[in-house]
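Both complexes shown next keep subunit A, but they swap its partner, so subunit B is in the first and subunit C is in the second.
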Partner chain A sequence: MASTGPASAAPDAVVRVDDLRVTFPTMDGDVHAVKGLSFEVPAGGALGIVGESGSGKSVTSLALMGLHRGSRAEITGSIEVAGQDVVTASDRKLRSMRGNDIAMVFQDPMQSLHPQYTIGNQLVEAYLVHHPKAGKAAARKRAVEALDRVGIPEPAKRINSYPHEFSGGMRQRVVIAMGLMCDPKVLLADEPTTALDVTVQARILDLLDELRRELNMALILVSHDLAVVAGSVDEVVVMRHGQAVERGDVRTVLSSPEHPYTQALLAAVPRVEMSRAERRAQDRADRVEREKREGTVTKPGDFEAFTPASTEDEPLLRVRDVAQRFRVRGGTWGRATDFWAVKGVSFDLFKGETLGVVGESGSGKSTLSRMVMRLLEPTEGTVEFEGRDITHMPERGLRPLRRDVQMVFQNPYSSLNPRLTIGESIGTALRVQGERDGKKIRSQVQELLERVGLEPNHYNRFPHAFSGGQRQRIAIARALILKPKLIICDEPVSALDVSTQDQVLRLLSELQDDFGLTYIFVAHDLAVVRQVSDRVAVMRKGEIVEMGDSDSVYENPQSDYTRQLLTAAPVLDPDEARDLRAERVAKRAADAA
Partner chain B sequence: MLNYVLRRLGAGLLLLAVVTAVTFWIFYVLPRWAGVTPHGMAAMYVGKAPTPEALDATVERLGLDQPVAVQFYDFIRTLLLGQEFTFGRETVQCAAPCLGYSFTTNSPVLPQLLDRLPVTLSLGLGAAVIWVIGGVAVGVLSAVKKGSIFDRLAMGVALIGVSLPIYFTGLLALAFLVHEWGLFPVSRYVPFTENPVAWFQVMFLPWVTLAFLHAAQYARQTRAGMLETLNEDYIRTARAKGLSERKVIFKHALRPTLTPIVTILGLDIGMVLGGAILTETVFSLNGVGAYAITSIVSKDLPVVLGVTLLGAVFIVVCNLIVDLLYPVVDPRVRIAR
Partner chain C sequence: MSAPSHAPETTEPVDSEPGASASGRSDADNRSLRQIAWQRLRRDKVAMVSGLVVVLLILAAIFAPFLVKLFGHPPTQFHQDLIDPSRRVPYLDPENPDAGIDRWGGISSDHLLGVEPTTGRDLFSRILYGAQISLLVAFLATLVCVALGTLLGIIAGYMGGWVDTVISRAMDIFLAFPLMLFAIALVGVIPDGVFGLTGNGLRIGVIVFIIGFFNWPYIARIVRGQTLALREREFVEAAKSLGASNRHILFKEILPNLVTPIIVYSTLLIPTNILFEAALSFLGVGINPPTPSWGKMLSEAVPFYQTAPYFIIFPGLAIFITVLAFNLFGDGLRDAFDPRTSD
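Take a look at the complex of A and B:
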């Protein structure tokens, strides 16, 4: 077990960082990315570094590898890895340490392997650079072993494959195998699972944990998500604005955080055990309290605008057996093969309710939402909106639908036109729908900006002036401007930091109270979906495997796949996380036997 | 993989057919639409001051008064099977890939073109070697030493290179390097097979002049591509392995950078082989381009038509080669198993 108290300089520390400062000189003055960070990791220990974007966690991990060389970064303090100072080491010495003493696993496995070389070539190279005398055959043998070690099936065959022939999770395994080639003393993983599905994430984290124990390697796990590190590390450092606000044993920090920031961060993490009703009650109470404090308008009675969903009314949206086929080119003579992205999906959606759609990548959840929006024409089945069949309606007839159904997209950075002021971005929809009066448009937009928590004078600013969370508020305002009946949110918070994510979820819930909105909420994060959804549909490979009211799906899942998803979801309690891991490992062993 | 090759080959052939049809349309149909009579067209084919009888004979011989469909059939037939041209008692055989018959020089076009092809090939391929090596090397160095004096100087020169036309740089080079300082011989083209050294001496200036223009463009492209590639995550991975900077750049960064360059290289070589008109004219090289210019000036329409077709063939073939090379360069293209 690792050292608990901070400053106790463990004699066996394999990484020792002392008063690290990283400064980037820019035109607007120096940016202090890391300001006096200290920690150490004992051999075979595991440290989590947690922080939101801009906290300096990635800058720190690059500094550990000496990867700031060649940039303008100014580094002071000391970073000792396996007894050698990285900050002052010569380039040659540093190169001999990289991969050999300390190896790194990066965030995006899709981008971190060279697309034009086989993985074998890349693995062999990683070995030969530190063991030039070993010879190709030996290096290759080692590469096969490493691939086998990280669970790539048929490693001797797959070694000749190119990265694009692997899925995301498999690629991340290859990157980890590359890290293992030279038996490093430290493995540094910077957001290793952020781009991956929940079940894949669980597997990768399990693998890292297993490797660390069996190879007695120190692990530094960097993440924005406390729940990701909870089950895998002994000690945790919480970073904010380049400083460690809290550092200590993972159980202590997560159960009784001392610093207000850690407390706020923990409070913002969506918990899969919290139900929709609890969350809504809490949000409403918080709102009443806030408005009392600020002396603003909404009376508690206004919440009555929300009418609970009733199955007796005509549903707002009725989807029957929809299916979507895509043609995939590339067979013999370019013959197309059929790929069914969605098949046989049916559901009703009633006014005022939220339907959560959960699924991993490739489950067809985005395709489904596109069909409901009629951005895609369903190949089979019917979609009825307010009793009208819109399945094959021509674009002209869809005009009113475009007003009634709006969408909020995942990436707030690319879904706003960078050349339009946000006022124009939001107001365009009104103009398209026939409003001519510029003043009226402006006042409506400004009113709405205030409602979503921005300033009316933001009207003339461009998107780049806003943070991710603010942009998502803008996107929500743009969806709201036409007073839609249904809003489809496609992963609306997955690109945001935990605390921002919490604020946006609150906003969506308040808007639902105020305007009686109906949502389809598409996401991969189980906890988020539970807290916002009345009903949940779990999708896999284009089909709904389970659907029901959210509490019963989460508390008493009927399908195997749902259960699998739930045990894979990261949890905040370090002991529970370890128990879940043991459960997964046991299940996998049983499956393999 | 075989599928890919066959598909590309098929596409190449189809493209050739389309290009041929378009060429036919430009030379035969378009003038008709513009109101040129069969006799008027015959005048364009025959050359200077023809007699009315000669015109009649030409109209007859080329079938210019026939409907378009018949003309097109004849055009394709001539191209694929060859044609016999009779002048009174004399009969001239224009063999299989018959690109036409020049009435000005009284000879089939293709042999004339083939005569001049070695000059153009020497010029184009030689220049390509220089501009690829020079351009890519300068581009890589500039990217790696971004912001240095070398980078600024090289990019400045490249900008000049892109901006200056060949008849400026070429004439300048001729005036000073050949005539003023006598560094290079004043000479006609010498075939490589006859005297390689003389060949090299004669070709050197044209190569450099033509290469300068393209090298500048390649240097800028390489630099931009290299800078982009150096920002990729997999370059960071390569560095994190402990690879030397040289290996990072030449193994990991250069290959993705060259991928788009191979594409433009195919187009550029095709264009140059179709006739580097300016370079050949400036340096008095009797290549395909120079031949084309002479024929345009002397209104020798069959030759113009032939050069057009030959140029199209070169571009299609070069692109085909690039397409076939693509899966070798970038494994992600090998989708079809």
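Take a look at the complex of A and C:
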């Protein structure tokens, strides 16, 4: 197998990186962001660079474009793009290379286009910079072609639109079109789909794949997600702490990884084909083994499989036809228009079960969870908790309820008050609920810190001293301290790296076993939702399009939208990814016909 | 496999998170943001020097009577034997009046910064006592601004709706007010002895009131803007979902996050207030003579700018150095606390 990568010094390599090192001098000493990275990409080839946050992948992609010029970064080693050394090239030479030989697609299409110019202006400029003699008309013609190429409908008309008139996915297409204006030999896409919904992500990845094949362009796809690159690249480099821990053919790396880090990473990636039951069984087995190894005395039956209460009982939570209206200002004459973020959603939730709510951005899943939490007052419908109607309960009346229903928020960086120690943050709940004994609060908080896998002596630390995953553990401890019955998790792992995500999911699962918790688990990631949910509700535009037992929803989806989501979900197996792609392309062709 | 074999080992503690930039955290662990800011501030030479100047100025103002006893003469004591009565400026040599006048104001070991024209009062002690008035007024006025501005700003930002509208419009009105004219008019009409204050006590009270009452919108706007942003943060929602009251959220969750900007902007407001007091005294509606004030000294120095330029230079320098030091220190504080550079 040629899994050793391209034969060294392949004559047709368009990108050749050799022993690249990037160091940032900071006040706290040098930060070695990249430490001796080497790879090559042949013309028309595709390379995936995968790593978690802080692995140096973005620093590498910026270095390829020579974008560290003018910063204090120290770069050694060589980077060759289309035969030109980027490290030593003059600024002028570098400018002529950018866009011409190597073009870049950035992560956030909301920020990589200039809001004040039409996309036409921006595309034309990208061309004229490199072909000053071409003339505006020719450049414009090319721009229309490029927009057509990336699948913007009615390109001749849309070329006069401003970026805000496009959706996120369409904007990313425009950015790609801009990259194509000068027929680059290499297209460098740094997390091109991270800011996008899963169906849009699939379309953008399909487009990149198609362009690469048809234009014989080399593609470098940088991502934190192995599943995103799996179906789109030939070769993959797995980075960690600035080094390539593994490099080789994508099939080999994904099917039989050699480095322990890659193995751990692959094991942590949630798989959409794994069911809730399998995952739970595995988590419990792992836990038994771990506790045996650590010698923790576990009382028998301590975490016996917790079976959800029978559905004949009174449900813990009953939601009936809830709807939430927001008034959007700025219509004609400044009149407010109504926007229904959620409409007509009903479900029952029984003790001990987990309801997964999955949907793309704008589907109303966060609004729904805030209504159940009563951070928002539903405009219509009712919410009953343990048989009590809490729909319009005033804040004061809600206080006892706050003991029973808690929430874990999405962003662990903004859900903890940066000016309070984590002990204070967690203890607030007890204080608010009337506990005055400082010692008692402290001991309870410390006990809980230990339970979620942190040190009790972290009590006096401030949130900035913790990583994202640790912060999410703190947030979970805060939600747990009042011993709630129901915890609403709003995208609890979407801001975390894949290995951290796995640990937090395990923790949530263990806590469910130990405390008999009921969860509402809101997320956009289909695989994650499947593994934690007994039942799943698929939301779209404020409504539930499908709800049912999670295995049947995933294996036998009834609605078109669910099916579309499932074919769009990235998978780890390159061959399966290609099959899914073919399926998507065929479906789109059929729809177009 | 071409993967480098010298990859780092993977023996990490069970709970470590490979994604986190774990390096460098250990020593930062127990530090608060304020401690980190202090460490950053210490590395900022400009801020440290200006901070030192600020501290020295404050000490000099507090210990003015003591310093004057050591190095000078009482600020209101006349030394007309040093002054040429016809030209009203100091002699070059008081023993020998025919030697002419001294453009440098009779600087000597006895009078470190020379003496005032006309009266011969010791300039060094007058500038020291002037610092007392300047800083006192500036600090008190800033205190009023901060108190009013923080309270109204945080309420406007957090409550929103009509409360915000009313407070914000009030801010606009206060900012549009011709402050200087109002001050001149008010000082003119206010009778002596109101609120049990007389003389300079009354004057200081009036100036503090005017500055404080009309400058609070600057602080209020900043506080309101910050509160608007903080209100949307998830930790506020988290506090709400724990059952916290509005009062708890305002004062326990949001206010601690406002302390930094408030400190920074008050440090930057102090020099503005110093200048305002100087301007009022310059126009003759500030502190009453013979109590020394930098602004008043400047206005008295104007007729002598050719014959005794030092008389305009020393009080001018005093104002300049004070304002510059506070401004630079405030900038340094802001940089040290800047959230963009914090983790």
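Things worth noting here:
What we mean here is this: the second predicted complex is superposed on the first by the 580 of 593 C-alpha atoms of A that agree within 3 Å, B and C clash if a C-alpha of one lies under 4 Å from a C-alpha of the other, contacts with A are read in each partner's own complex, and residues count from 1 in each chain.
Throughout what follows, a contact is a pair of C-beta atoms (placed from the backbone, for glycine too) under 8 Å apart; a residue touches a chain by one contact, two chains touch by 3 or more.
What you are looking at is a predicted structure, and each value in this text was computed from that prediction instead of being measured.
Shared-chain residue A:F385: touches no atom of subunit B or subunit C. Of the two partner chains placed by superposition, A:F521 touches none, neither subunit B nor subunit C. In the superposition on chain A, contact is made by A:R399 with subunit C only, not with subunit B.
Of the two partner chains placed by superposition, only subunit C is touched by A:R461; subunit B is not. Legend: residue contacts after superposition of the two complexes on their common chain; A:F166 is shown touching neither subunit B nor subunit C. After overlaying the two complexes on the shared chain, residue contacts for A:G99 are found with subunit B alone; subunit C is out of touch.
Contact comparison for subunit A: of subunit B and subunit C, C touches the greater number of residues. In the superposed model, A:M178 lies in contact with subunit B only, and not with subunit C.
Legend: residue contacts after superposition of the two complexes on their common chain; A:S53 is shown touching subunit C, with no touch to subunit B. Comparing which residues of subunit A touch subunit B with which touch subunit C, the overlap is empty.
Of all the residues in subunit B, the ones that touch subunit A in their complex are 3, 6-7, 232-234, 236-244, 247, 251-252, 255-256, 259, 329-332, 335-336. Within the complex formed with subunit B, the residues of subunit A that make contact are 65, 67, 95-100, 103-104, 106, 108, 111-116, 118, 125-126, 129-130, 162, 164, 175, 178, 330-334. Residues 3-5, 27-29, 36, 52-54, 240-241, 243-248, 258-261, 264, 290, 370, 373, 375, 395, 398-399, 402-403, 405-407, 409-411, 414-421, 425, 428-429, 432-433, 453-454, 460-462, 464-465, 467-470, 475, 478, 482, 496-497, 499-500, 503 of subunit A are the ones that touch subunit C when the two sit in their complex. Subunit C makes touch with subunit A in their complex at residues 1-4, 7-8, 10, 14-15, 17-22, 24-25, 28-33, 40, 43, 233-235, 237-245, 248, 252-253, 256-257, 259, 342-343.
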